[in-house]
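The two complexes that follow have chain A in common; it is paired with chain B in the first and with chain C in the second.
Here is the complex of A and B:
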């Protein structure tokens, strides 16, 4: 039983990361109708950026904040410079897909060129116990329930996700900017007609997504203890599974999907020996299952197409 | 000179160049060109699926891998002759293609790209778990003599080159005939407007799954041929299938989507580009994907229809399909709608 709870806790920790990255994917999907394949590599760049700040004496919390800000600027620039010219209503998705694949390759390579090609130790923005020979230390214990102890890592990741959700909820539902963002997502033409600057909103959408990705990337690097060039590729697959499960246009779905995918993953690792080393089958099977049974996802809207 | 003459002349010149190449180049370059040929087959398969049928896949590296391992394992442990394994590789890849194609009926566009991306990421992991090559890793290396030349007057590299090119030519001919047939028109109709296609009696599901299977079979054949050229089927690198998938798609887009010669041109450029960027700067190997990615993005801006698509437009202007009527020639020039050769325009 203790073991079971431990697997669930690991799942919740990972789920928070997957959910955060899935939220970034959902934000871009809602505003532009695109699935950003380069989201993971953008987050990797941001995670390296956080690490780079810490090597220059900036405390980790502040470093992540700086990284988020810079990433948001970067996200807006990417939308304006790279994505906008190849997207237009009625245009084939193929060109924008190629541009994203180009970004995928280029951003990963640029991160390695600018920062490091090796795994670099990432300090944790939550209390940790350091030990000799281990530069970043292990996460400290947050609290004990019965025989099971919850580490700070799980707590901090879950709290980050809750904070992020709250922030997004307030932003999207309670501010004028959020109203404009939702308007552009639901009907760009009408939004433009009532005086919303749609092109600025697209940039804001990408900036928000890049910022969330920076947060998710830095947190997952801190949780794993290091940031390395291959860090985000697998996380991205899980995030895509989470977003597909929840429905690509639903933020609630992204969070629920992230948790389901991650808990399924950790239980598979724990209990299903037949799938050891290929636990990636789980998100893939989940994606296929959802697409077959309910293509709009658990929380997605059905889109009616006009012929 | 009219269009047909120009086409025939260009075609004959290209054919002569392709057939003369193995006698002109060193073995190293013959291998590189053979690589381009099998790459072209995989790209053609993807072009049938993506270009002519509108289903985007970034998982063809997995079908390629299925073909490669089928061929390598049959040759290495079951003693088949290499040529006999090619149909087996095609069939097995097609079966996997059907298995992926059926769920793909429910999703379109970027969503489909995502599902197939999962396939590419998954393939090497499954391979590593179940394929037990030499030394316990997912790497099967058939013996070198399995691929020796069967004709005494051809050196091994020339034989391998000619075999690959011959199969590629046959498959390109098949694709060319297919897309102009009833089935091909159904594929294009499904791409352009699925609902409208179904109202004129096209069985959309059958066309889509069938195209998926055919496309996977092309990738499988390419994979089998890659075993002959590279002398290994490899799933040790977790990102190899993904990288291959991207490169097939890139070959299609650089060459020209929904064109027949596009994938061949794209594959040739890609293989040459890869050879030159890989060793461009000493000690900075990571720069290669950066240059590759940047080149890709630039390409989309400069020539969105690919090289063959762009050249096709130019060709259409230089040699109009119908000789312009003298009275209106000065005023209007050739009508673009009759001269475009690529049916890429879509109704919004």
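Here is the complex of A and C:
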């Protein structure tokens, strides 16, 4: 039983990261109808950026905040400079797909060029075992439940996700900007008619996604203890599985999907020895299952068009 | 109704009594001429109807005025401004709102949010202020105003329902509410009576009159429902094949032989009459 709870907790920690990245995917999908293949590498760049700040004496929390801000600007610029020219109405979807593949490779390469080709140690924004003066790791525990304990890592990741969800809820539901973003997602032509600057909203959508990705990337790096060029590739696959499971147009679905995918992952590789080295089977199997059984995902809306 | 006193407004209309001037507007789609040198104007505070057989170019003109289609030639002046220089998302701010023939709401948003979106251009809450939440009082005011518009159109009880799945007539009223929320000077209605029941059409005619007075509107409508057009319009412009074939008050247009011909066809069209 203890083992089971431990697997669940590992799942929740990972799930928070998958969910955050899935949220970034969903935000871009909802406003532009595109699946951002480069989302993971954008997050990798941001994670390296956080690391780079910490090497210049910036405390990790502040470093992540700087990275989020810069990433948001970067996201908006990417939309304006790289994405918009190839998504004009009437252009093939393949164009933007190629551009995103290019971004996937280029951003990874640029990260290695600018920052490092090696795994670099990433400090944690929460108490951990390695903190000096606490060799037994007591301070790494947030809460003890019987024989198992919730580590600060899991707690911090889960709290980050909760905070992120709250922020997005308030932004999307309670502000005028959020209303405009939802309107553009719902019906771009009408949105333009009522005076919403739809192209500005697309930039905002990308900026938000890049910022969320920066948070997710930095948290993964902190959780793993290091940032390396291959950090986000696998995480992105899980995030895709999470978004597919929840439905690509549903933020709630992204969060629930992220949790389901991560818990399924940790349980299967925990209990099924044969899967422990090929754990990527889990998200792929989930994606396949969702596409076969319920293509709109758990929370997705079926699109009905009037013709 | 008492005709509006043309000298009353303190802000002198820049171009006499006309709010909208369409001058020589032409639109071509490839080889197809959708509008051919169309010229007319709409007086402030009037209700102007645009009628004509299907394909005459009525909706095309709407789309030119709302900047969805580019005009191939001619000019459109609204409130003294060159409208064709305004970007599509600037139309609402310029003071023009419209409804669509097939209703273009935001299906995923609640009825209230649909109307609040219409008020989008009203307040100015920037990105950062909106993010930090400084837009609160503004948001609250917008929501209250949108709610009062819903009440006036008898939609208040639906405010929190998603727009998707409501009956067509209701959706048309919601779209009208959204258009009003931007506080337009010119309200353009594309076939507002289409798909409504007989009783609803009578109600609509009264509603348009009432809203024109309450919101100080100028109304331009495209409509096929002749009884309603004749009942509410101050001025009618008749189009056929992209050209203006007649213009004037209802009683004049009604008896114009060219209009009758456009609608009923000439005798040698072989109408197959008795």
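What we mean here is this: the second predicted complex is superposed on the first by the 293 of 307 C-alpha atoms of A that agree within 3 Å, B and C clash if a C-alpha of one lies under 4 Å from a C-alpha of the other, contacts with A are read in each partner's own complex, and residues count from 1 in each chain.
Basically, a residue touches a chain if its C-beta (ideal position, glycine included) is under 8 Å from a C-beta of that chain, and two chains touch if they have at least 3 such contacts.
It should be emphasised that the depicted structure is a prediction, and the values quoted were computed from it without experimental measurement.
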{"item": "Partner chain(s) touched by A:185 [first = chain B, second = chain C, both, neither]", "value": "second"}
{"item": "Touching partner for A:95 - first (chain B), second (chain C), both, neither", "value": "first"}
{"item": "First (chain B), second (chain C), both or neither touched by A:85", "value": "first"}
{"item": "If touched residues of chain A are counted for chain B and for chain C, the larger one", "value": "B"}
{"item": "Partner chain(s) touched by A:244 [first = chain B, second = chain C, both, neither]", "value": "first"}
{"item": "Shared chain A contacts, counted only where both chain B and chain C touch the same residue", "value": "none"}
{"item": "Touching residues on chain A, where the partner in the complex is chain B", "value": "34-35, 37, 82, 85-86, 89-90, 92-95, 97-99, 101-110, 112-113, 117, 230, 233-234, 237, 240-241, 244, 248, 277-278, 280-281, 283-284, 287-288, 291-292, 295, 305, 307"}
{"item": "Partner chain A, residues of chain C touching it in the complex", "value": "66, 68, 88-93, 97-98, 100, 102, 104-109, 113, 116-118, 120-121, 123, 125, 127, 130-131, 133, 135, 138-139, 142, 178, 182"}
{"item": "Footprint of chain A on chain B - complex, ascending", "value": "50, 56, 58, 103, 106-107, 109-111, 113-115, 117-119, 121-122, 125-126, 128-129, 193, 195-196, 239, 246, 249-250, 253, 257, 284, 286-290, 292-297, 299-301, 304, 344, 346-348"}
{"item": "Chain A to chain C touching residues, read off their complex", "value": "170-171, 174-180, 182-183, 185-187, 189-198, 204, 301, 306"}
